[in-house]
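Okay, so subunit A shows up in both of these, paired with subunit B first and subunit C after.
On to the complex of A and B.
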């Protein structure tokens, strides 16, 4: 499996040349979706307006967008950070669930601890659980050379049963009517940085994670080895980089980020473990990572855009009765057209 | 119940369960032997499960439903072939994008057609059609020849694909395209045509695998109907050594684990059912350890062939 399309290809020469294919891809994707929505007899312009502007019409819509931005960015990074080393992590969903379980176990068992202690422990629990969950495919890759693509996906399915077990057998909340645990300790809940409408601190943690990934991959030796491994594993090996070990490290780092996204869902959003809390964040995260062409720094910007579309999608469903899944088709089309723009450029010999 | 009767019941169940794995894995294998490697199985199976279900629901015929599901799978295969073979885009990335697109599409189609209902619409499930004479063979007759038509098709397909790939000139051409498209091309094999054809037919087989799920098991469509069988079929293709006959045999293991996990849930053996549900995935990860060693994948698996550049792109 080649990563030709996605490998970070040096510095972008000019912003316009980088942004133009995106604008075109978005326009074409919207045109296709518009034709589809129109053919179903809906008002196309109103649908566009709903998708694009719901996030900016009310403070609530905007905060909702920022809240969605958090798991999307972290899930996308869980995909793009291993990709930096040429590894495909399709297991962000399982890592999110493992992280959510880790956070809940800590948050429930140590519920009495004060916030200063409990909150960092809850988040640490999620990061470690996510990293361990990804370390299994990492180890299988290192020891037996089994493709990480399949093992990371299969770990997702294992996590679905695990979360069900924890939520129905270990600490079930009998009043919930859906597999749910009792709440974590008050101290483990993420405080809000904006009170009304509420925005939890996970937003800041996400920005920190983005900054960490950026600094690590561009300004540190370890990160440089990661990039070198992804760019040309053979050359990296010749220069004395342990390529196999770095592949594992890349997966574990991705798992830690995926785990953090689960921890934040528990500590910031639900305050308990709920089956299904992973939503469709894996799909959105990977689509985000693909639109960003694997560029870690581009991820938060793309994720913000996808968050706008997603908030628009739920409004679309509420006000116009157009199924929200419509939007994931738009996003997949954007991916195809963004990737297609590379083909066109190569074809022109640029 | 008599012990031999129990064994027959279990074996029947294994054969019944094997069908979607084999169909999807043979589809993966067929495209793969020509060098086109799709990872969209899970999505194709989802979208064709919904198309097959709705087709059968509206036409009142499982046959037309299955046909429509094959058409849907073939269309996704065509799109995949176009993006990879014609446009030379990364096979894995396109496969992922198509997986998410088709998975989203499946829910979308169901919502548009049916919407949210208290009682989901139902289709009749497949009937067993005993084969005259053969059904009278002791043991084997019960296990193999009193099954539904998908089972017969799956056996027939596996034998047919083996014959095609290893006993015909066309099969040699298909394999040569996956092993060395440059050499195949210079000998006059139409690489593009072979890749399109195998990818489209492969997509149709995955489509049939998807349609089987509502038609044989549930009679209705739910979002979690495929439950990773598409991804498992990729592992099965490796475990089955990228060859039709060994894939069929290897599928016995996959189906066996699923049947065991299911039976253990029903009878209850003291293990929480959640851990039994994990079993197929854990078992698959475990068999991939030897599976990845002995499977020799086609040399050009996942690589596009660019005639202009006389090599991969």
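On to the complex of A and C.
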């Protein structure tokens, strides 16, 4: 038995071994969904084509995919970064809303500032608001050892009331028929990096966030401690890591990422606070994180794939009258099969 | 040859990829004490678990009194007159001895059940075999040595005539070991047959009539004790893996011509008390010191506060009373990082729970606890190039079988995890080492390796606190030797040679006479 250098073939083999379950899970999920679509009397091949290729047929479809990619990636990271330390952040939605509120408050109050000042402040406001929103469950965990699973979810519900209050009481836009604030200052809006169809700078910010998370978790001392805590909190504690403080840090980091996703929705997409702007990003983000098996680097790739499916889903509804929920089923099945492939592997004792 | 009492032929047993037993033969004669000797992982327990019906062999035959049998469960084994006492026994602590013994043999056990008859039977059995025990004592109040007698009585009460004991001397004091050996003699004199599992050659020499040596799941040889000697047994156990002639483990302690000289105290402990998990004082007033360049051994039966003492000194538990300094750092809960960074290495007792990161890489594991100081730490970042370089070196030096530093540690096997923990502790410069049962679960070459490393560190002036349940290990290595009982240190022997019976008395709670 050689303990020496890993041979290139060995590296490739282990890589294929990691990717194979994904391919299989996706194929099986599509097959099951195809059976449904077919049994409902639709053209299965055309449905597949619509789901997979809408994103690539027109520039508009592609930009739309990249725009979806932004909140999906950030919400998924808000879930997987705390998971690196073994903490479950189910509060990405509340953190998104808190971040959106933070961005709007700054953007409306300081509306007169020039862009060079206002835009960074708006984004900073969202990051800080999201981090603070997650710091509350963090503190409850640190001080009273209350499970973060519970508290992060509860914080989502509180955020619904808060956004409603801000949009109907503080700066309501009477012209809108829906709880909405007045727009933020022009300087707080994210410029576009592509003009037509428009792609806002949030895409670049997301790539930066991915890079930051990757470098932080794999290179830095703090990231090492997150990984160690997630791997075995008792051993981390025995070797001098303050596991309780680190759990709070992990949640706050997740909250900051969740907050940024809210800030980008305000500064890049709506330019104001709108009730409901969180969409179903939390569920899709967690789904993405689960398919990525908590691997921070895998998140953007999975998020891109999910964004393709999401864009395909709306086209499916538009052009073929097939309910878009079909795609949610596909996504859920992929999660199920990916997780199942893990169970099978553990069962083999590998 | 005639027929054997028990004959196991060509036994094979695998667990996944691990071949635990490969074509093993074993023959037990009536009225003998048959030693089953081998290092950790040799397959001793597995072989006897097959005979006791806990495992089904993949291949091979079992004959009892000349009849081929299939033993599907311990119930079958008992029906054939075979009983086994495992290393970890199952007892109901709040129950009395008699209740524990009859448990499962009477149709119903109620508060009103009359046990007089059973008490009488147990008294008679205890008398016959020299297994002195009060049938009405509660098990939870008994020391380990007596609890083991209860376990043996439990098996004898079921009328077996073949008794299997798996490493029965673990956690016994030398006095209790002597008493156990005497009882075993009584048993075989009265026609019973005993299989005695051990990894200690001295015990085989002391009590066995014949011995079967296993190595890596294979037969090495079976000999009568009259026809063999220690050296043959050693070579049988370790094969070519270890040069026995130069081995420290087997050549034993060589006393230096002149007394060794020590540096200043690096661990100073004064009336130190630490709370246990159950809210009582697990460490209740310990006073001792460890000087640079010495190994201070701490003996004791497991569960007498050793674990809490080690954790207390590492800043992992609240100090209830007294003071301690480790490497000059005042000990208090939460000072762990400061203590580690001052140059303290820690080998915790429970390596898997307290020291291993299964879901991180091998490299992550190798720097745990060393990651906040140079050379690995560079500002906010870790110098991963250096980490990986070091990891490759350690993987080679400590013979850790892995695909590389980036491999997920969960892929390592048990022995490799142990070596990884040792590599982490010994590879980094240190001034103080706190090691708790550092050789538990290791095979013989690895044990030898650890002993050499400990001596190497001692020679470099490291102060070593060696807490161990293996008295032989302590007798071999210690410069000074103390014994712990119920959270206190009952006495410290200041220099070798150590009298193991004196230590044994302290381990049993009898303070050393002041000399």
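Rule of thumb we're sticking to: the second predicted complex is superposed on the first by the 336 of 350 C-alpha atoms of A that agree within 3 Å, B and C clash if a C-alpha of one lies under 4 Å from a C-alpha of the other, contacts with A are read in each partner's own complex, and residues count from 1 in each chain.
Quick note on the criterion: a contact is a pair of C-beta atoms (placed from the backbone, for glycine too) under 8 Å apart; a residue touches a chain by one contact, two chains touch by 3 or more.
Everything quoted here is computed from the prediction, not taken from an experiment.
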Query: After superposition on the shared chain, which partner residues are touched by A:283: those of subunit B (first), subunit C (second), both, or neither?
result: first
Field: subunit B versus subunit C as contact partner of A:158, first or second or both or neither
entry: first
- prompt: Once the shared chain is lined up, is A:239 touching subunit B (first), subunit C (second), both, or neither of them?
  reply: second
- prompt: Does subunit B (first) or subunit C (second) touch A:329, or do both, or does neither?
  reply: first
- prompt: Between subunit B (first) and subunit C (second), which does A:20 come into contact with in this model arrangement: first, second, both, or neither?
  reply: neither
Query: In the superposed arrangement, does A:212 touch subunit B (first), subunit C (second), both or neither?
result: neither
If touched residues of subunit A are counted for subunit B and for subunit C, the larger one: B
Statement: Going through subunit A, the residues touched by subunit B and also by subunit C turn out to be 1, 3, 5-6
Task: Sort out for me which residues of subunit A touch subunit B in the complex.
output: 1-6, 40, 88, 90, 140, 144-147, 149-151, 153-158, 160-162, 164-165, 168-169, 283, 286-287, 290, 323, 325-326, 328-329, 331-333, 335-336, 339-340, 343
Message: Applying the document's contact rule, which stretches of subunit C touch subunit A when the two form their complex?
response: 16, 311, 314, 316, 334, 336-337, 339-341, 346, 348, 353-360, 364, 367-369, 371-372, 377, 380-382, 384, 395-396, 399-404, 409
- prompt: Which subunit A residues qualify as touching subunit C in the complex?
  reply: 1, 3, 5-6, 10, 219-222, 224-225, 227-228, 230-232, 234-242, 349
- request: State the interface residues of subunit B toward subunit A in the complex, per the touch definition above.
  value: 39, 83, 87-94, 96-98, 100-101, 103-105, 107-108, 111-112, 227-228, 231-232, 234-235, 272, 274-275, 277-278, 281-282, 284-285, 288-289, 292-293, 302-303
